[in-house]
Every structure is written in structure tokens, then in C-alpha cells.
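Naming follows writing order (A, B, C and D), and every chain is counted from residue 1.
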């Protein structure tokens, strides 16, 4: 996808580094090119399946990137990506049902809800050890799920079938339009992740991951930094969920709070590499296509088993993912 | 990439030719190319026990192909795993239609998973056989959608009406409604309340509970306090078991004459086997039971062949509930294709609206929404179950049909406590 | 002389029923070199943690630059100019030596060119040649120097050096002492917590000695060295080891 | 009516709570004492339940099966800890995130393995006492809950005695307190931790028996338990065994009160609300020491 720039973005030695401004320019150009390419594709490719499938993959990229802001940069594992994703999806559904709102209104609203939820979670649990945060995120999914089940306006367990408003005519159709929106979200998420990574914020995250105490004593506002990671990650994940109802014309709690998404959100950055922004993208594209191939060639249970084994394998052998492996190989050769 | 490899594989299997360009094959001589039926199955995830349906569809395909195919063409199934999640559905059905170019669609399992396909088939004007989606077409109102399950017209309210009819005959006036917080149960409970009122019954207690509730004692005690005559239960497999166990433990009170209705679970072999004799007296829905009024040689042969496949695959050992109706879906498609001489959606739909079809489970006629014009959901009572042997459920007289009257095979044993053998 | 820049007033710290520190009162003047000694478990680390803000005292107050900082978060105190190095070096692994210094500089707004400032500090401790190196891959001495350099990057007013010389050879100790002396000459007050007696005696203007959380001596190095109480609790124990 | 409901809500809550404590016991050891966040423990419990179901289908009593299976589960626990330790502890401080991911992967593998071996059908046991209740005045206690509920105090008492009065037990508590203290005294902390992990794994099969006597179990049943078991351990205070049963009962009674007097629909959120509230207000738990 956008992985044209070098893999070695994390901690470049100053002598070898090109001017950061130049790299940012290249990145922006690539991002715009990706968006433009998406727009061109909607005009030139007639087969709608391409966009149905691409939506899912691009959504996974956004999901993995959003998760990685907290999980990779700040080092706080979130088992409840679906709580945020679901919050966003239901925010979108609520606004669509209540006001027939456009997707462009739903996105910032979802981001606000997800960010708020992230802040709340962080505020309640980040003072204690990271493992509590992880456990609390499992709890959050159940609570969000229970909440939705008990709100009749959102359809509860029956789900909610909604017809989205007509998309702008130039996009060529609903699925093309939603795909473009999701592509926009993914590019935004990646840009956001990249900014965090190369700025003082990312440096602060790396410092607090290495030693929270030392970071704090070096002037890094660790608690506030972690809170903002929660909020940013929550906002991206929620934004990723918002277009779901526009995509499927339907939403129901078992899907948005289900295991599959939460599992992928963790697995993708882990496989690609958690330390830099191309990692989640690589993981998302790779896992997405492998799973696609696997569902066809082997039985579905084996497919899940495969994800489990791959997770264990990466944690055991390559905790920094594919990018980490590549870096190690490079260093070995030098 | 994966698609062409997949096509290649299928082709190799079908013709024994390993080298052939997929493009040649799809655009090749239309007369000889197979008729492709596309469907999504929940092979994984919470709904994965429904994958037994695939065996039903495969048996139908084998039967049709053994008899020379449809219109002289072989039938081929194209299926994907939707992982029991709505998010996968739009892309799967677009793939079936736009990439795999299937001729005919079969819906995913149930109303939740079908919901995202409905606008799609309406928009594309595609024919689709609906699988167990209760009132699945009531929202979109496609005229090319046909239920294989005999929920009957106005299914939301009426599909379980038999329970209330049986109750009325037994003199039940006060109804309690209990439902799990899942889609099918919630819709059924709402419909049940309406049906009860239409029959002049009063709803004196209603309660929903979260899925996977394992202890029902508090709920049953509250329910007992309302002294209902009948308890309409809309539950899912785990909670069906817990509830029936709770029934034995906490008791239900002397007022209750009828208990059950819309419990999902006591259709499946595993649940039946686990609950055994504690099922006695419960009146619950089913779509097929081996009672003399329903059994035909065709269905017996189907079930025998199904069992032979299902048991080693660890699928539902009885296969009364889901698999026959996938076979029925195939039969509906076969009838329409054969009669119209085409796989054209509009023609098939028009023909099915106008003509009855003889299926494995009886004759189906359809109204404008693709519902069976006659509700044929069974209300059966468990009688004389002893121990936990699964084979007894294959015998007649264990699940006696009380409703509909046309298929009635026995009488309601009452009062409830006596029927339970307590 | 001038007012104390760092002042500890009747500070106490308890963990549950266990009192680890105090009540204790200590003051530090601008530019002073203060040595802190005491056996293991005497409360030195607890005292430092109360100074930096890692721990909040159970009672008492801490003043820094005329401001009450008792409840102020560590990073706020760090930005005010209270820097520390750690007994066990805590480099920010996963980034370069240069970036390690950029972390504190990121949060100071009065540094015009952080990279230049970082390189300047690295040069002053003799790590300039290692700027691009991964911080995790340094030698023990280099880690100590990095620890100091990171503390110094933001031009602190007070440096707390927590056993900055533990485990180093005599030559390396001289190396570190030289850095600290130069630093002090530029006006930074230094609190040195140290077990290496000759170093702390040589360096300090004034030494305090802690024992079971209490201040048992406060005075010039010579006076401390000859203090019978200090000899009993501290040197006595050291001798036995 | 109200009194009947109230008394029975308490009774059911206490029984459920005791069972939660049994489910959480292994976690109280691994997470509470060893600080290993084994989120795969509920999956082990489900695996235990399957073992019990298989034994029961051959005609043996579930509790007997569980007793026999203690040994293989203990050994499996040893092996699993060895795997974990080789991966992480040798690298120095275990990265919590990687450890959590590992356990997540392991629970996925365990669940799917069960799925492949046994299919999606629910497994259950048949025992004579299921379906009957012990009635004391207004109170009626189903044996289905009562028998498993009695397991927890027994297990906890045994484990507590073990930790208090045997050499190995005291060593485990020492490890929990400070690993270095132990290596000084000449005992290999790794051996002790492996042993403790084995014990924790062994409790899973007893908890599994409890779980499957209550009702049918499917491969993914453990997932619902993750939050609840952690809630018990955290609320109890890390590593406090008697606290485990108190915390379990507190959660059980709260749930059954909500079920009886508010709405059962909200019951699943109860444990998690308690968990979140504990984390926010009293992270050291009810019975834990300030850390």
C-alpha cells in the first residue's frame, strides 16, 4: 500500500537520516497518491466486489493502526478493540437512524465518543500496572455489549437495519463511496500514527516503555501521554467502526463486539511489527490475504488455530514482527 | 490470485484437466457449464452449529447431479465461511455474484446474517432462497425471495402461534413470556405477545435475560409468583438447557399447564441427549419430527444418508431441524429452473409464486413475500423420554405433534407436572 | 549566603505500618555539593524519591526554588530543573543516545536548538562519538555517562546523582567525578548519594548521614568521617562486609 | 414472596460466588502470586470440563475423573510454564504485553483444538443429583450448584494449608514476595514457580468439573469467564486465597441480587463494574496489602 518509504523509520541514526521534512513531504505525497488512486479506481473498475473486499482490508489497516497507537507505541495491550469499534459503529447507526446523518457527521461524532471512552478507561486503570488495563478492556467489551442489548432504540439483540442516504453521484455507488471514506480514515490513521512516531510524542512513548520512572524524571508527563494514547487510539478505532452501518445497511451487537475483529486487531500489528507505522499495514494486508486463502484451502477451525499458532510463533520468535525480523537480518549482514 | 487458483482447482476436480485458463472456462459454452449455486455458511463462530445445513445442500446437489443435473448441466456449489459475522456478508455475496458469477443464491443462516444481503438482492434483482430468516423479507419486500422454512405468512407474529392455539384448547388464559437477549428470541417473544392477545390471552409476566445465563432460579421464582397458565419461552441452546434444569430444581408452580414454545436447543441431538427425561412434558417447536404423519421414504432416506455423514463429522446427529430445509431450498431451485428452463431470476420467481412445489417435507406454496402460504411449524410435546439415549428420539411417539391439526399425531399430556412424570 | 533552593521540612514516608523515612529536614543551597550516605535500607532512596516526586511524602513538605512542590508530579519538578540519575542506569532503549537526550529537551520550551544542545552535552561527558548509537548497546561506563548526560540536558539547577559510580573502576570513578565537578563549577547544585566513601568525601562540601530513616549527622566531610555515631552505624557495617 | 426471593437470591449468589472462586483459584496463584497474567486459565478450565465430560461418558463420576486428571493437568502446567519461562524469563523481565499475547494465542489454540476434536456441540455430564434440590425452609439449593459450590472452599482450604505449612508452599509464597530472597536461600525459584504453575493448572480440572456440573460447556465458554475470574482475583487482592472466596461470593451475590430485583439483562455487567470500580478506587483489592 503506502509502504514505499524505508522500513527503518524508527530511530534513524542522525548521520544516515534524510531531512525529516523531506521524508514527511514524500509521505504526504504518497498518502495523497493513495487517496487519488482510490478515487480513480472507483471510476475505472466496474466490478463492485473489488470495493466490498477492499473495504474490509482497508478497515483492517485502520483498525490495526488505531490499535497500535496504544498497543505498539505506548505498550498497553487492548483486548477490547471491539468496544471502541462498536461504540463508533453504534454512534454512526444512532445518528443515521435519528437524524439521517451523513457519514461525514458520523465520523467526528464517533471519534469523540471513542476518544472519550478511551480517556475514561485510561483514567480508571492506567495508574496501576498495564496488565490491569488489559483486563479492564475485556470487561469494557462486555459492558458495551450489555449496554447495546438493553437499548431498544438501537435494536438491541435484533440489530438495526438502516438505509444509508444516497452517496454523492460522482462516487458511482454506495460501496464505492464507503470504500473511499474508509480509505480516507485509514490514511488519516496512518498519518496520525506516523506523526506520533516521529515527533516528541513518540519519543516520549518509547521513553516510558523503556522506563516509566526515568521518563517521568526526565520531564515526560507519562500519565497524560498514556491518556492521550488511549484517547487517540480509541478515536481511531471508533472512527473505523462508524462506516459499518453505511457498508452493510445493518448492524447487530454480536458482530461488532465479536471476537474476530478484536483478535485481528491484536494479531495484525504483532505480525507486521508494532514499533513503526508500516508494521500494522503489512500485518493487516498479510493476515487479510492469508486468511482469505486459508478459508478456501483449509477448514475454518484450522484457520483460527493457525492464527493462534502464528500469534504464539511471533511472540516467541519475533516479538517485533516482520519489520523486526527484517531489521535483525539487515544488522546481521552489516 | 486466490480466485483463479480456486477456479482452477474446481475445474481440475470436475474435468480432470489441470491446465486450462479460467477465462476460457467462464465464458465457454454456456450450455455445458455447470449451474452454480452460491451460499455463505457459518462454518466458525457462535452460529457454527448451523453448518450441518451444508450437508443437506450437498446431498441435494449429489442427487440432482446423479439424475443428470439441471437442464442437462451439472450443479456446483460455491460456499464461503461468514464466521457468523455480519461484517463478512456484503463482501461474500458480492464475490458470489460479481466474481464467481453464481447463477442462484442461497441466503446465509438466519435473519441477522441475511439482513445485509436483502438490500443487495433487491437492488440486483436476484433470486434467493431464504434460510431460516424469520420474516427475513418483511423489511425489503423482494419478490424474488423464497423461504425454505415453513414459518408461514406474517411470521413475526404467527410462526409460533401453534403454541397459543394449543394453550387455548387447554384453557390457558394467563401467559408468561421469557426470552433471551438474542435476535430470534426477541422477535419471537414480541410476536408471541401479539398472538396471545389476539387469542384473548393475557400476558401476566415478561422477562428478558442475557444469553448464556446459567442460573434461572431467580427468574423462575418471580415467574412462579405471577401464576401463569402457560409459559412461552424463547431461548437459545445454552440457556434452554439451564432453564429446563432450573425447572426441575426450583419448580414452576401448579398453575402452569404448558411450557416451552420457542426454545432453540431441544431440536439438536446434543441438547436432547443431555436433557433426556427432563424434557418430558415440554411443548416446543420443531420443523420436522419422525412422527407417522410426517415420515416419508424420501425423508427417511435423506436422514439416513445425512446421519452417515454427520456423525463422523461431529455435526448434529439427528439433523431434523436444519439440514432438510437446505435440501428443500435446493428442491425449490430445481423446480423453478426445470419448469422455466432457465436460471433467470425473474422467471424463476414468477413461476414459484404461481406454482406449488413438492418438497422433502411437504408441498410448499408461496405468497408475494416468499413465505409459505401455510404455517407449518410444529408444536410437539416430549413424551415418555427415558434416560439419555439419543436413539429414542428417532422413534415415533417421543415428540408428539399437537399442532398444526393436519399433522397432529397425539394428544397433549397434562397437567404439566404430571406430564413431566413428577 | 543565599536561600536554600531545595528544602525538605519534616518529611515522613510510611509504607503501611512501616516507616521508611523521617521525620527529616534537609536543605540545599544553590551550587552546593551535598553528599548523602547511610547503610542499605537507611532511607536514602526513599528520600530521593520524595524529592523527585516519585513518592508523595506521608507528611511534611518539599520546597524547590521557593515553591511548594510536595504534591507536584515528577515531570513538573524535572522541568523546573530538578534532575536525577539512577543507581541502575535506565537508558531509553530502542532509541539512539542522541534521542535519549532529546526526550527531556522535548519538554523544555526555552531550548532553541535541541539537537545542538544535546550534542553539546554529549561532548561534555565524552559521548559525542556515540550519538548515533543504540542506547541499549553501551558499556557500563557509557551508560553511567548517558545517565548523567540525560539528567544534564535540560540545564538543571539541582542534580541528584544516585550511586553514579557503583561498579566502576577507580579510573572510571575519576572520570565521572571530573564531570560532576565541572558541572558544579557551572553552578549546578549536586546531591551525591554514594557508597564509595573516598569519592563522596573528596567531592562533597557537606555530608549528611541517614540511619533507619533518620538524619544522624550533618556536617563537613572531615567531621562526618570522625563522627562516632556515623562510624558505628556506617563504617562499622562497611568494615564487616 | 419477597422474603422467598431474597433468601434464595442470597443462597444462589453464595453458591455461584463460591464457584467463581473455584474458577479463579488457579489465576489467584499464577497472577496473584507469580504475577503471570495467564488469561488462558479459563480455557484450561474448559479443557478440564471436556476431560471430565469424556470421563463421565465412560461412566465415571465427574469429581472422580477430576481427581484423577489432577496429575496430567499438573504435568501439563509444568510443561507450559517451562515453555513460558524459556521464552520470557530468560530474556529478563517478561514483557507483559508479549506474555498476554502469548496466553491469548494459547487459549485460542486450546479452544480450537477442542472444537476440532469434539465439534461445536455442547458437552455435558449426567449425574444423579442434577435436577434435584436441597430444601431448607424457604431456601432451596439445587445440587447442580451446591456440589460444585462446596468444591471451592475445600480446594481453597487445601491450597491455603499447603502454602502455609509445607516447605514448597512457603517457598511459593516467598517467590511471590521476592524472588531474590529465595535464590539466596539456595532454592531454585524457577523450580518453585513451575511447581506453583502446575498446581494452578491442576485446579483448572476441578474447576472444569464444577463448570460442567452446572451446565453444558462449549469450547468458547471460557471467554465469558475471563473477566469474572480476573474480577475475583483483583477484588480479592493479589494472592489472597481466603479473599478469593469472599470476593467470589460478593460478586455472585451482587449478580443474583441484580437478577432477582433489577433485571437479569444487566447481570453480566455486574462483575465488570465491580472490577472497574476496584481498579479505579482500590487497586490493591479488598484483602491485599498496599503495594
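Note that in this section a contact is a pair of C-beta atoms (placed from the backbone, for glycine too) under 8 Å apart; a residue touches a chain by one contact, two chains touch by 3 or more.
The model shown is predicted, which means the values in this text are computed figures rather than measured ones.
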Distance in touch steps, counted as few as possible, from subunit B out to subunit C: 2
Would you mind checking which chain's C-alpha centre is most distant from the centre of subunit C? B
More contacting C-beta pairs: A-D or A-C? The answer is A-D
I'd like to verify one number: the distance from the centre of subunit C to the centre of subunit D, where each centre is the average of its C-alpha atoms, in whole angstrom. 46
Would you kindly tell me how far, in whole Å, the mean C-alpha position of subunit D lies from that of subunit A? 33
Express in whole angstrom the distance between the two chain centres, defined as the mean CA positions of subunit A and subunit C. 42
Using Cα averages as centroids, what's the distance between subunit B and subunit D in whole Å? 37
For subunit A, give me the residues that contact two or more of the other chains. 146, 149-150, 259, 301, 304
Multi-chain contact sites of subunit B, meaning residues that touch two or more partners: 46, 48, 181, 210
Out of subunit D, which residues touch more than one other chain, so two or more? 220, 263, 265, 268
Which stretch or stretches of subunit D touch subunit A in the complex? 31, 37, 39, 87, 95-98, 100-102, 104-106, 108-109, 112-113, 115-116, 220, 223, 226-227, 230-231, 234, 263, 265-266, 268-269, 271-273, 275-276, 279-280, 283
The subunit B residues in contact with subunit D across the complex are 46, 48-49, 51, 181, 207-210, 212-215, 217-219, 221-222, 225, 237-238, 241-242, 245-246, 248-250, 268-271, 274, 276, 278, 313-316, 388
Residue set of subunit D touching subunit B in the complex reads 1, 4-5, 8-9, 12, 16, 118-124, 126, 130-133, 140, 142-145, 214-216, 218, 220-221, 224, 256, 259-260, 263-265, 267-268
Which residues, counting only subunit B, touch subunit A once they are in their complex? 2, 6, 43-46, 48, 80-81, 83-91, 94-95, 97-99, 111-112, 115-116, 118-119, 139, 180-183, 185-187, 210-211
Could you pull out which subunit A residues touch subunit C in their complex? 10-11, 13-16, 200, 203-204, 206-207, 209-211, 213-223, 275
